[in-house]
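Same chain, two partners: chain A is paired with chain B first, then with chain C.
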Partner chain A sequence: MQNEIAKSAGEIPVSEAVRYNESLHQDTTAKLFLVSSITYFFIVGIVALMIAAKFVWPELLGTVQYLTYGRLRPLHVNGMLFGWLLAADMGLMYYVVPRLCGVKLWSEKLGIATAALWNFIILGAVVSTIMGWNQGWEYAELPMFLDVLVVVAWIMFGANIFMTVAIRKYTQMYVTIWYCLGTILWTAFVYLTGNFAALFATGVNQANLNWMYVHNAVGLIFTPVGLAIAYYFIPKTSNSPLHSHKLSMIGFWSLAFVYVWTGAHHMLHGPISQWLQTIAIVFSVMLLVPVWAVVYNFFATMRGQWDQMRDNVPLKFLMTGVIFYLLTCFQGPMHSLRSVNAIVSKTDWIPGHAHMAVLGAFSFFAIAGCYYVVPKIFRRNLFSDSLANWSFWLFLIGGVGFFVTLWLGGFWQGWQWNNPAIPFIDTVVALKPVWIVRFFSGIFMFGGIVAFAYNILATMLGSSGNESSKMAAATA
Partner chain B sequence: MRDYSYPSVYFAYFYFVLLLVGAIFFFLRSVRHGYWGKDSEEAKYRMLKDDDEDSYEDLRRPL
Partner chain C sequence: MLRKADYSAPIFVAAALFMFFVGGLLTTVVPPIVDKSWARPFDNSDPAKGVTGKLQPYTEQQLKGRNVYVREGCWYCHTQQTRTLLADTKRSGWRGVDAPVSTPDEFVYDSPHLFGTKRTGPDLSRVGGKYDEQWHRAHFRNPRDLVPGSIMPPYPWIADNEEEFQAVVAYLQTLGRAKNWRPDNDYER
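The block that comes next holds the complex of A and B.
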């Protein structure tokens, strides 16, 4: 009887679920989010290549309005951020949070409805960006009705996760849950400010609100959810306990108090108050505190475990992502300094930096999570370890080529812009070799996407490519 | 068009204060719940076993 009551309250301990001969976790929502996000990763990857090609061959695709740079770029940005990365992170949260709480997801039906609504929003975003129905604000391009639907979907997601945490078995929450809850609250704040409040301001106030949104979309949405994933999957895939839970809490709280003030560093040397610029610089430099707390914890967790990097593909993605995270978070404070910013601001350096954060760090974490989770929730072996390894190297080679080229190109571009004797058009022509390398790096990265997406799809469909799977099948 | 700059800025200040108060409240609660005490490391060991059910499931797969 007691077990029945516990079951109806969603509090079936793992041991009880085994006795009942049933699975504690359905994972339907996680499956839906992961399948759709990986599909968008592939589709928007094609758009990314088209954009990179247009840098080198501007006449490519002619003058078809739907395929112009102005239409494709917001499609690429919104598709990658919300169609791939955030959706994959949400899918992984639906997997991780119930397990860390020792209970079922509060409502699988609500989760499925959230996945359906999220897909409707992404498809709406594809149509609206291609059609040019665009609010004209960085990261906030989507029309108002889609913004409202994002808020509704986020409330549905947040309610499900918060209620799951509320009925948890254990009082103390692992750091991943703290980051998940932080992401849900901060996203609400950041998204409402960037997509609604900013529309009612004018002039420099409007620009300032927009940059606060843009920076915190990375800092208070993708950073905490990315770290939530890394904190879960690094100990899991290496089978080693986290170095220090207390240090992870220091990282969480220092991020919570520091990150929100940094957005104005996008407007250095602009027409905003000097005190606001200085505050943004000071807090940007203070970011080194949470970053080092996080990175040290991960490296210390790996002490004595580095040999696993030879053949543990999820761990390769995770620890490479940690290195990219360290690099990008060192870059950020440095180029928020006035002297450095005078050179790199608005140049190709910035997309190099942003791609290292969103692709190099947070997408690597999400890819590792998918490689770990998909075989478990579909109860099949990964289709091919070898293909997974290929996907890692393609992403790494393409990514490093892309980031380094854009940093060097951006710095060069900045030096040229600072010399009034050089006509602007000459600085555009001079950068063509940089954009050629960028395009070919993009081909490598797209190869990584194809290998990753095919591997996951084949795993879901139950194809057997692994030697171990074949041997198991042969002996059976 | 009316300029809503000041209401927007006050709204943003209000939001900041709301989040700051929330952050301080939950930070103090985390102290009370022992996240900074001697039992603070327990969660990191427990999480390593949280998906053991998946391996049980494999054993229960029909032969």
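The block that comes next holds the complex of A and C.
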């Protein structure tokens, strides 16, 4: 077994796949997606701070109908998920897939049209969430006409990537390509289930479809495309071959099989059939298999290379993201157990968990990708390595502050709820310190966004970054 | 076998979709077929079988109120499920009476469903009949006047819009009322 893994380890060195003429690639689509996604990251980051502030100062902007928590929360969630993260992931795929296939993107024109349509969708989402045109389903709040446009844009994205893969020069597909193709296929069905099939059901049946979508929006959209990015950029930025091809296969195919079963764990103890809850729990625990396979593979790739973490900022984001991925995917199976769920379900633990997945793991991967890709496609040096390092520490401090206080606060809240002698309002007042820490952690994270966005903007605009990078290298 | 999927996109696609659809179909299409209570409205007139009552479809006014509830995102902070936890039945209870656990047959007319995932404010699955109209009006104007320490936003534009306000209250008073769970029938209007 050991031998086999060792043998397959060197099988597809990523560097070989990219021994290719860089000038082949036009990368206009990638540029458009990355620039717009980082812009939304900044704008929606402000919204994030506003809603975190509302927990501490409930009167803040309270009498403006369009700026209440109920309007801004869907704007925050949709803006971050689809405006920032998914768009950034798509932009990175437009960069990575052609390079792994050894050909240029199938159609740059189609890509540009996709970027334009995507931006229209996000602007539509901003307007509709603020106006309260809300379908009433979590993660699927957007009105029907935007849902239809999302499907169209996804088909345009999928067609471009699949055609690029179809005309590839390298016959063997690297792991990143599997995850990317898997994302495109599964997302199509997951999205249709959550936004269209759910229309034909009511009550618990509809909730079951909704949770299948909500859970797999993370599990079969952001997880595989995030891992696609990690599988490409960890070997790339550390200049080390992936540890094991076989292990990556185990990780991929077990993810493909296990994830989709778990939707009902959102309603543990709730009004949904007990047997379905049990199935969801069993498969939730089985999720440890794909997660640990992937995480072990990344750690083993880094064996002997950890010293690079000292001054390689993209690698810092990537490996920290891997650790957050490991942690969040340990929480998931654990709070799917009935006994743990009875404490943490519906508490502030849940946003702590969700943010660690989407911000701590997958956004960290995307940020690393942006830091690596943007200088390459704009053919300039990164404006400032030192500022990039600052953005990492701001994100890390803010992130850990946010996650840890919400887990502890969530557990505490859950224990209070389970003692009916404590009036509900007392459990709200008790959480105030937690929400204050959450708000200030948010300020750190927003500082990270500002440093990141400014660095990328300055790189694009071609401010001479040479000196400051040298200075950072000298002081590092 | 899966090694072939490394080299052939069609084999890859077939395998990826097959894996997905096994779990996808078994957990979304099959459950409502197996478990009939997901689609059969609650109806029990026999006290020997437990709490009695009958689930009524929403009236036009109640639906209007429900739409306001959806529009304002009330469901982001208020769940609508009394879970199979002792604490939930106590917290959803009222004046010393424990609330019955929520069952699928109470939600058959709900679309969008509003079970919720986050409980920032109290659960509302049995709130129907607990507070009268006056209480709701004052509470919408400024929740902190009635519940010091509350972090719910004020909703003066609901309290001041008579039609919307009446509709929302009409909707709220239906919550949990399919089951006639209060022995003294002491529901507020």
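We adopt the following convention: the second predicted complex is superposed on the first by the 442 of 476 C-alpha atoms of A that agree within 3 Å, B and C clash if a C-alpha of one lies under 4 Å from a C-alpha of the other, contacts with A are read in each partner's own complex, and residues count from 1 in each chain.
To be clear about the criterion, contacts are C-beta pairs under 8 Å (C-beta built on N, C-alpha and C of every residue); 3 or more make two chains touch, one makes a residue touch a chain.
Not measured: the values here are computed from a predicted model.
Participant: Just to be sure I read the superposition right, which of the two partners does A:Glu138 touch: chain B = first, chain C = second, or both, or neither?
Facilitator: So A:Glu138 only meets chain C here.
Participant: Touching A:Pro58, do we find chain B (first), chain C (second), both, or neither?
Facilitator: After superposing on A, A:Pro58 lies in contact with chain C but is clear of chain B.
Participant: Could you say whether A:Leu100 touches chain B, chain C, both of them, or neither, answering first, second, both or neither?
Facilitator: first
Participant: Counting only touches as set out at the top, which of chain B and chain C does A:Trp253 meet: first, second, both, neither?
Facilitator: both
Participant: By residue count, is chain A touched more by chain B or by chain C?
Facilitator: Of chain B and chain C, more residues of chain A lie in contact with C.
Participant: Thinking of the overlay built on chain A, is A:Met173 touched by chain B (first), by chain C (second), by both, or by neither?
Facilitator: Once the two structures are laid over each other on A, A:Met173 reaches both partners.
Participant: Classify the contacts of A:Lys109 with the two partner chains as first (chain B alone), second (chain C alone), both, or neither.
Facilitator: neither
Participant: Is A:Leu185 in contact with chain B, with chain C, with both, or with neither (first, second, both, neither)?
Facilitator: A:Leu185 contacts both chain B and chain C.
Participant: Considering only touches as defined above, state whether A:His25 meets chain B (first), chain C (second), both or neither.
Facilitator: In the superposition, A:His25 contacts chain B only.
Participant: A:Thr347 in the overlay: touching chain B, chain C, both, or neither? Say first, second, both or neither.
Facilitator: In the superposition, A:Thr347 touches chain C alone.
Participant: From the superposed pair, tell me which chain A residues show up as contacts to chain B and also as contacts to chain C.
Facilitator: Residues common to the chain A contacts of chain C and of chain B are 171-173, 185-186, 189, 193, 197, 201-203, 205-206, 209, 249, 253, 256-257, 260, listed in rising order.
Participant: Can you check the complex and tell me which residues of chain A touch chain C?
Facilitator: Contact set of chain A toward chain C: 54-55, 58-59, 62-63, 65, 68-71, 73-74, 132-138, 162, 165-166, 171-173, 178, 181-182, 185-186, 189, 193, 197, 199, 201-210, 212, 220, 249, 253, 256-261, 263-264, 266-267, 269-273, 276, 279-280, 283, 342, 345-347, 350-351, 417-420, 424-426, 428-429.
Participant: State the interface residues of chain B toward chain A in the complex, per the touch definition above.
Facilitator: By the definition above, chain B touches chain A via 3-5, 7-9, 11-12, 15-16, 19, 22-23, 27, 30, 33-36, 39-48, 50-54, 56-58, 60-61.
Participant: Flag every residue of chain C that touches chain A in the complex, lowest number first.
Facilitator: 2-3, 5-7, 9, 12-13, 15-17, 19-20, 22-24, 26-28, 31-32, 34-35, 38-39, 70-77, 79, 81, 83-88, 90-91, 101-104, 106-122, 144, 147-157
Participant: Give the list of chain A residues in touch with chain B in this complex.
Facilitator: For chain A paired with chain B, touching residues are 14, 17-18, 21, 23-25, 99-100, 102, 170-176, 185-186, 189, 192-193, 197-198, 200-203, 205-206, 209, 232, 235-236, 239, 241-242, 244-246, 249, 253, 256-257, 260, 376, 379.
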